[in-house]
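Next come two complexes, and both contain subunit A; in the first it sits with subunit B, in the second with subunit C.
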Partner chain A sequence: MQIVFEQVLTGLSIGSILLLAALGLSIIYGTIGVINLAHGEFIMLGAYAAWALKTYVGVSLLPGLVLIFLGVGLFGWLVERILLRRLYQQPLDTILATWGIGVVLQQVIRLTAGGDLRYVELPPSMAGSVSILGVETSAYRIFIFVVAALLFLISWFIIYRTTFGLKLRAVVQDRGVASSFGINADRVYSATFAYGTGLAGLAGAIISPLKSVSPEMGTGYVVDAFMVVVLGGVQSLFGTVISAFSLGEVTGVIAFLQNDTIAKAIVLILIISVIRFRPQGLFVAKVRA
Partner chain B sequence: MLEIDNLSAFYGNSRALQNVTLEVADAGFLSVLGRNGVGKTALLRAIVGLMDRTEGSIRLDGEEIAATPTHDRVRHGIGYVPQGRGILPQFTVRENLKLGTFARRDPGHAGVLEDKVFDLFPVLKELLNRRGGNLSGGQQQQLAIARAMLTDPKIVLLDEPTEGIQPNIVEQIEDVIMRLNDEHGITVILVEQDVNFARRASRSFVIIEKGHVAASGPIDTLTDDLVHRHMAV
Partner chain C sequence: MSTPRPSRSRQRATGFWQPELIGIVVLIAAMYLMPYVLVDDFLISKYSRYLVFGLLAMALSLSWGYGGILNLGQALPFGLGSYCMAMALKLRTIPVQTGAGGLPDFMVWNNVQQLPWFWAPFYSMTFAIIAGIVVPSALMAALGWFMFRGRVTGVFVAITTLAMLVVVNLLIIDQQQYTGGFNGITDLAQLTIGGIVFDAYNRTTFYLIATVCSVALLSGYVLSRTKFGLILQAIRDQEGRVQYFGYDVAAYKITVMAISAAVAGLAGMLYTIVMEFASPTFLNVPLSLSVVIWCAVGGRGSLPGAFFGAVLVTGVQGALSESKTFLDTWTLVMGVLFVLVVLFLPSGLAGLISQLLAKIWPASDHHRDETIDMKSNRPEEIA
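This part shows the complex of A and B:
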């Protein structure tokens, strides 16, 4: 029984990291439709921002989170304004362009911050562990779970309960109709892209104490994030959550029985099989068009 | 007053309208007639600013709006009922109506407008929580007109509002369009295939052929001969 519960907690922990990494991507891909291959590098920027704030400014991780969200979000806003906006008519070119941005970011970080691994300290208040029903769990992993859940709720609220969200969903369904009712589609898209990018930065910063920070770290996350989003169904925020935690649990169990590498391979095979028979992902909105 | 001067409009590189000049007075009612594919829809889209490119001038109450982006342009008081109705399928009726309020010039008298809309289309009140995509064609068309009304427009552009709709609803929609013009003093530009309705409702007409204005004038100068020449299939 104890072992089962431990496994559930491990899965939740993996799942919440996956959700953090995928949330921004899910919002950008599900609304603007841009396949953002630089998503991993935006996560990496967040992690480096956490490291740089601590190293050069002396701001530690938790108080720095808001700054990191705003900073990386602003960067995303610029990328959308300057580059992506011109490419919406050519989806293939956006893939190439975002991939290019990713490569550039990796090299810029390598040249400025160096290629070695960097480490971000755990916030001292969360370095300990907490006992839940007799299972010792790291306090920081619980923090990640709470933050991931909160960010999901905030994003859901913005998209489904605010006027901005209504405008965004209108533009997604029919850009022409939305703008003929006074909605500035360009501005809505910029803000959405900036928000999604800011979330990626936040994810990177929050994950950074658990993983080593390197210029290439984004590559792994972008793959994981895409697996989560595609499995969950592209336009479903809810699907992203279910998919992140299911993948987390499955990965956790297989890693426990075998090891991480096998777990990764089996999960990938599972996803491919699901997509083969359900290309739209697990969750889709059903409405007559 | 809407004045269009020497307007050309393009889908990509192909020209859909060529040197169109026309004007509609305040509280006027213009019917845009012509066969399929001659540029009637393009004319409305050009007024709203949804064409890929336009040349020439569009003035609304003396203000040049041809270069203004769509979302700012409609705030001058343009309500648009597009071809195919443009109802957002995933939105509820309530959300579709809410969309209409975003382009409103003066957010003040929101409540009055809503009462007016439900007065014109009582059926919408019962459908508020239904998805737009699940409504019938007639219900969608009523919703589309109601939504345009909620922008509190000076001028309403209607693109074949009775196309594919059952006869008793057609009558109701025609009645509403005439009331918008008569009682509310809203300028109407109507793209229409039904000459009889155009004759009954409008004060002036323009016939378009191959992107040109082929004929125009007060509605009583729309002779059967003109109709045969430019509209018979």
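This part shows the complex of A and C:
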């Protein structure tokens, strides 16, 4: 029983990290339809921002989060304005362009901050551990879970309960009609992209104390995040949540049973099959155009 | 998401002496002249390597530029071809480097007692060469069948091919006892056919590669002029319409995937001969994505363009590889260049050249609207 509960907690922890990493990608992909291959690099930027703020400015992680969200979001806004906007007609080219942006970001960081691993320290207030039903869990992992849940709720609220969200959904359903009702679709897209990348930056900053920070760290996350989005279904925030936590649990179990490589291969084949046989995702009952 | 933009045809479909063919002839001439310019055998070997990459990029141009299939796993058939050649050459090594009974050394280290069944046929060089073309081709055709029969399109094709590449790469690294794992297959014998030794550092190998490249470029060109090639381009531009005309779109796409993979497999075999080993890095993600860059820079819709793009990019990269900082900066420059090409020059260098030519000789040029418009006109691709 104890072991099972421990497994569930581990899965929840992995799931919340997956959700953090995937939320921004899911929103961008679900609304603009752009597969942002630079998403991992935006996560990496967030992690480096956390490191730089601490090292050079002396701002510690938690107060820095707002700054990081705004900074990376602003950067994403610029990328959308200057580059991606031109490519919405050509989805294949957005893949290439965002991937190119990812390469550039990686190299810029490698040339400026260096290729070495960097470490961000845990906020001292959360360095301890908490006991839940007899299982010791790091306080920081609980913090991550809470933050992931909060961000999800905020995103849900923005999309389904605000005027901006209404406009956004209108543009997603029919850009032409929405525009003729006076909605500035371009502005909606930029704002959404900025919000999505801001979330990625936030994810990177929050994850940074748990993992080492390196220029290549984004690659793994973009794959994971994409997996979550494909499984969860496009345009489905709830699907994203369910798939993040189910993948978290599954990964936890696989890590428990071991043989990492084969597990990775199986997961990839699973994704290929989902794309082929259930392109709308596993957790979507019906899809509106 | 929005109405399709009017499509401009890529280039006039008829007529044999297209600028494309002139480009190919110039490339072939340049290839054969190279040994007179580069006197050093080491440089010749380096240059042969770039030509192999050119062949690989040209193979991608067939499926991407002509078929509209963005295959991000192009390194997969390349790597498989490379392993087929390496397996055959490994079995030909002198007994000192192999284990008891001619067992490859890494198998002995991994306590494999007997040669696995799928290694045995590679004692025959003929089998290996056929396998190096057929195995990658069959695998990619199967993947194509899996995707295109299920009407997987656009970005999902890109993701699926990339994922498949990673799966095979992981398996090869994991099955160390049969594949040499992370180290790959090393200490190979030299390829000998009919008494001719193909040493990586001699000109025979170079001429072999140059000849294969020339034949491939010319065959690719002829293929693009056949009815098959024309329908393929029609599918790229307006898949729906071609389907309504009654063509089996999936069959065409599967075929071009198979052809492209066969050429890539051939390139992989040549690469093993030049490099004298095979390694999982021949089918990893960075290489696979590099092929896309080469193709995009050179011109994805042009076979000689893609070929030249690869030779150019890898050539500069090779020249700068002495210093780590140079190489890092170069990767940065490549990334920026790539983004710019995707944004502003979708037809790459080849498109730029044909635009310039059209400006210089507007009168003599019968195909004034030569700008290659690779933009997808299929809004339904946006998921």
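Note that in this section the second predicted complex is superposed on the first by the 266 of 289 C-alpha atoms of A that agree within 3 Å, B and C clash if a C-alpha of one lies under 4 Å from a C-alpha of the other, contacts with A are read in each partner's own complex, and residues count from 1 in each chain.
Note that a residue touches a chain if its C-beta (ideal position, glycine included) is under 8 Å from a C-beta of that chain, and two chains touch if they have at least 3 such contacts.
Nothing here was measured: the structure is a model prediction, and the numbers come from that model.
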Partner chain(s) touched by A:L166 [first = subunit B, second = subunit C, both, neither]: first
Touching partner for A:N184 - first (subunit B), second (subunit C), both, neither: first
Per-residue touch tally on subunit A - higher for subunit B or for subunit C: C
First, second, both or neither for A:V4, with subunit B first and subunit C second: neither
Contacts of A:G176 with subunit B and subunit C, given as first, second, both or neither: both
First, second, both or neither for A:A97, with subunit B first and subunit C second: second
Those residues of subunit A which subunit B touches in one complex and subunit C touches in the other: 176
Subunit B-touching residues of subunit A, taken from the complex the two chains share: 166-167, 169-170, 173-174, 176-185, 285, 287-289
Subunit A contact footprint on subunit C (complex, rising order): 1-2, 5, 70, 146-147, 150, 152, 154-156, 158-160, 163-164, 166-167, 170-171, 173-174, 289, 292, 296, 325, 328-329, 331-332, 334-336, 338-339, 342-343, 346, 375-376, 379, 381-383
Subunit A partner contacts - residues on subunit B that touch it in the complex: 48-50, 69-72, 74-75, 78, 80, 82, 86, 88-91, 95, 98-100, 102-104, 131, 133-134, 147, 151
Complex interface listing, subunit A residues touching subunit C: 29, 33, 35, 83, 86-93, 95-97, 99-101, 103-104, 107-108, 110-111, 175-176, 226, 230, 234, 261-262, 264-265, 268-269, 271-272, 275-277, 279
